[in-house]
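Below you'll find the structures, each written out as structure tokens.
Shared between the two complexes below is chain A, which pairs with chain B and chain C, respectively.
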Partner chain A sequence: MERPLLEVQDLHVHYKTDDGTARAVNGIDFSIHRGETLGLVGETGAGKTTTALALLGLVPHPPGKITGGRILFQGENLLEKSGKELRRLRGNRISIIFQDPMTSLNPLFPAGKQIAENLTLHQNLPPREALKKAGELLARVGIPASRSGNYPHEFSGGMKQRVVIAMALACNPALLIADEPTTALDVTIQAQILEILRDLKEDFGLSLLMISHDLGVVAEVADRVAVMYAGDIVETGSVGQVFEEPRHPYTIGLLNSLPDIDAPRGESLQPITGLMPDPMELPRGCSFAPRCPRVMPVCEEQKPPVFSPDQGRGVRCFLYHQTGGQP
Partner chain B sequence: MTAPLVELVGLQKYFPAKEGILKAVDGVSLQIHQGETLGLVGESGCGKSTTGKLLVRLLDPTAGQIRYRGRDITSLKTPEESRKFSRTVQMVFQDPYSSLDPRMSVGEIIEEPLRVHRLFPARRERQQRIRQLMDYAGIAGRLINSYPHELDGGRRQRVGIARALALDPEFLVLDEPVSALDVSIQAQIINLFQTLQQELSLTYLFIAHDLSVVHHVSTRIAVMYMGEIVETGSADEVIRDPRHPYTEALVSAIPRVKNRGTRTRIILQGDVPTPVDPPPICRFYGRCPKAMDQCRRPVELLTSASNRPVRCIREEQ
Partner chain C sequence: MTSFLLKRLLALVPVLLGASFIVFSIMHLTPGDPAVLLLPQDASAEDIAVMRESLGLNRPFLVQYGSFLQGILRGDLGTSFRSGQPVAGLIMSRLPATMQLAAASLIVAIIIGLVAGIVAAVRQYTLWDGGAMVTALLGVSMPNFWLGLMLILFFSVFWAGRFGSVLLPASGYGTIQHMIMPAIVLGTAHAAFVTRITRSSMLEVLRQDYIRMARAKGLSPFRVVAIHALRNALLPVVTIVGLRFGVLLGGSVVTERIFAWPGIGRLLIDAVRAQDYAVVQGIILTYAIIFSLVTLGVDLIYGLVDPRIRSQYR
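Up next, the complex of A and B:
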């Protein structure tokens, strides 16, 4: 099998604060193959965004620090790269889009110029050629090239997000990280953006890391899914495996919390009781143990390893210790 | 059929804007019956929140009537009358972070409406009432002296709910009450609303953009677009058999976790427009995948064969 484009191994990210150490990411492993979309889902504070920032070498330091692990991108460990080398990668081989497009846009420059900047910086294109290509990229995301001279405030929210996508794709990246790219948008605009991402992924042969709290959005675009909880990836598998036959009690709980529009009305939802633990005071054993309806004594003693109850799936839960999974 | 608890008749709210008149709510007529939940859905700027604010009299309408138990409440004369009305109708806001005073403790926040309305003047009884309200909303008693910043989003929303219940209202306007919450917490709060509705025989107007949530909680659903109601019906009718092309597109755009890829997705072109001086044609004309030349005229809510009001000329045929 071909080597994955991105391999994250045993990644740890901690934030040091006056009150203690927040263990935001606690030894996660995942990989993304060429042309594949991995959906990273989880609730607020699960560590999704920290993971994305770590991939780009953008964890704010201090207070944050990558305290262990490896991030192999095209076989090279990004954690051993210098700031200069990382700057050469970002916006070039790896791009990111955030929830709020204004995180990435400068209000003082026209959209086309900002896209062109990326091309002159990373590909040494002469300014005029870069601007021309910026116009083509805008057209590719559904904005007439004639609007290349417009400033960010002259675009609507959905249009701004399109500009950011054009900018992210300017240098033909191998990996696009999309962190809640449609969360701030209306449903009909969200549908437009998801459609664009699906199209571009195919045209550009992109690998996509789609981060979202919205299980539906991830289900629509991802090939595989990783479910994150309190700094751990608790379950991975294909979209079908994770969303249709979830194994981890947290994944099961999440899906039961969600109103299903195709189900008959009148059944009440089954929420997960309690709250996600404070990352400064994570439980000793399984981080989900305090809320888990199927908790066993061992879960409070030690952190479960990843078991593989079926092909292509990983579950960090002792329930699957007996069922053929290997530690 | 019994008379509706709340009735909106030709309700309008216009705001002056730089480019003209923003017709945020433009001739909305709705009925809400006792004990039901009416879901009001639509995208940002469609006028759903403005409608909610008009209902609790946070805004005064430009024209039209709001009848509560048959009585027009847009022209309450005395402060006494207003006060009485505000006891029966309360609102829960989307953002528990900004609708709670950061300098007040949980107990003080819940107590405030009781003080303002001079209910439970005896301190002991008032404290009892606060405990009871916290109990209703599922807030642990030990949190009575906590401040909003010490609580997570779900608990903050529970405080907002306890405050809304303080005056023993009959009718609650819930404006995106679970949109800011994580899925597992969202489910807790949705269940809480349903339990409270039964225990306290409440009537809800549930305003939200998330159709799955609205379908789950609502008896009936009204869909709003650019200040107008475009379709109403039972929750199942509107979701399973949408008649207006906008509703159809909305329903098809919901990202689904189950039954992925089993339906055709209708992708609307263009942005959600703002109703500033809208031309006198169907307001969905510019984005409608089924638009025809005949749509270039004002369209009323038409009652189709299925006895559901739909604002689309295709219902005439």
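Up next, the complex of A and C:
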């Protein structure tokens, strides 16, 4: 099998504060193949954005620090690269789209110029050519090239996100990280943006890391899914596996808590009781144990390793220890 | 933009009219009769009355104000009681020196303030930051007459005693060397203000998403700060520099006095001591005009810096 484009191995990210150490990411493993879309889902505070920032070498330091693991991009460990080498990758081979398009663009520069900046930086294009190409990129995401000279405040939220997408794709990256790219947008605009992302992914042949707390969004665009909880990836599998046959009690709870339009009226939602643990005081064993309906004594003692109950699936849960997959 | 400029210039008219009225009223209400001052000590009451008549001082207040305004429109600010020279000419001959000093000290303030503020923000909570903030606190707290005297003491008096000649001249006007100490004295407090406002504004901007985006684009830390952050952080700095220009002019009165700088600040002090009303009046009005123009300049700079503001300039 071909080597994955991105392999994350045992990644740890901690934030040191005066009150203690917040363990935001605690030894996650995942990989993304060329042309593949991995959906990273989880609640707010599960460590999704920290993971994205770690991939770019942008974890704010201090207080944040990558304390262990490897990030292999095209076979090279990004954590061993110098700042300069990382800068050459950022915005060039690996791009990111942040959550809020309203604040992602610098208010003082025209949209086209902000896109052109990537091109002059990474492809050494002369300014004039870079601007021309920026116009073409805008047209590619559905904004007339003539608006290249407009400032961010002259665009709507959905259009700003298109500009951000054009910016991210300017240098034809191999990996695009989309951190909640539709969360701040209206539902109709969300659909348009997802459509654009899907199109461009095909055209540019890129791999996509789609981060979202919205299971619907992930189900729509992802090939595989990784479910994140309190800094751990608790379950991975194909979209079909995870959404139709969830294994981890957290994933099961998450899917049960979704409103279902086919459910009889008046039936109440089933939330997961309790809250995600404080990253400063994570439980010794499984971090989901305090909320887990199927908790066992071992769960509170030891952190479960990853079991593989079926092909292509990983579950971090003792339920799958000896049963050969079936709980 | 042109129409905006015209509108703003037109709006200056009522402002200056108000300023001139206030200046004139204050002078009118100040005790002391110019006629008495102009005549010898032993002048008779009759002589005084004749003098008042010839100066027009016995006319009603508003009539006097009217003729003062008329004079201004013709560029005539009256005549100095003391020297007999036209006030406008006196001010114009002194204005360049004051503007040179103001410009030099502003440059000192902006360069030191911006650099220190940016370094303090980028290296927040480090020794750099602490050092800049303590220095800024000292700079704000130090009275400029004291700083002026200390500089003279060191660079002129002590230096001359130790090495035989002064490093910087203690007073006078004409060369760059003459300018250095007054510019530092006048610029110090402003540099401190600019440092503090640059730091806080920069810290605010550095937290913004578009800065994280700029880093994610692969820009070097220098370009992130110099291109993406600094321009965004500049608006509050421009505001403070503009607002404090009035304080700068006020400070120049003291500084010019200390360094015997031939500007309008020293002219003002001399005029106040001699109760030379026409000159005092003219200078205060000049200050008002300068301040209004600086405010207008600040608004124009806003537009240059920020396209969102520019789009409102119609």
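As a convention for this text, the second predicted complex is superposed on the first by the 318 of 327 C-alpha atoms of A that agree within 3 Å, B and C clash if a C-alpha of one lies under 4 Å from a C-alpha of the other, contacts with A are read in each partner's own complex, and residues count from 1 in each chain.
Going forward, a contact is a pair of C-beta atoms (placed from the backbone, for glycine too) under 8 Å apart; a residue touches a chain by one contact, two chains touch by 3 or more.
Bear in mind the structure is a predicted one, so any value in this text is a computation, not a measurement.
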item: First (chain B), second (chain C), both or neither touched by A:Phe73; value: neither
item: Which of chain B and chain C A:Pro107 touches, first, second, both or neither; value: second
item: First (chain B), second (chain C), both or neither touched by A:Arg87; value: second
item: Greater residue coverage of chain A in the superposed arrangement, chain B or chain C; value: B
item: Partner chain in contact with A:Tyr229 - chain B first, chain C second, else both or neither; value: neither
item: First (chain B), second (chain C), both or neither touched by A:Ser257; value: first
item: First, second, both or neither for A:His122, with chain B first and chain C second; value: second
item: Touching both chain C and chain B, counted on chain A across the two superposed complexes; value: none
item: Residues of chain B defined as touching chain A within the complex; value: 43-44, 152-154, 182-188, 190-191, 194, 209, 211-213, 215-217, 235-236, 239, 249-250, 252-260, 265, 267-269, 271-272
item: Chain A contact footprint on chain C (complex, rising order); value: 208-210, 212-220, 228, 231-232, 305-308, 311
item: Chain B-touching residues of chain A, taken from the complex the two chains share; value: 43-44, 156, 158-159, 186-192, 194-195, 213-217, 219-220, 239, 243-244, 253-262, 265, 268-273, 275
item: Chain A to chain C touching residues, read off their complex; value: 56, 58, 87-92, 95-96, 98, 100, 103-108, 110, 117-118, 121-122, 151, 153-154, 164, 167
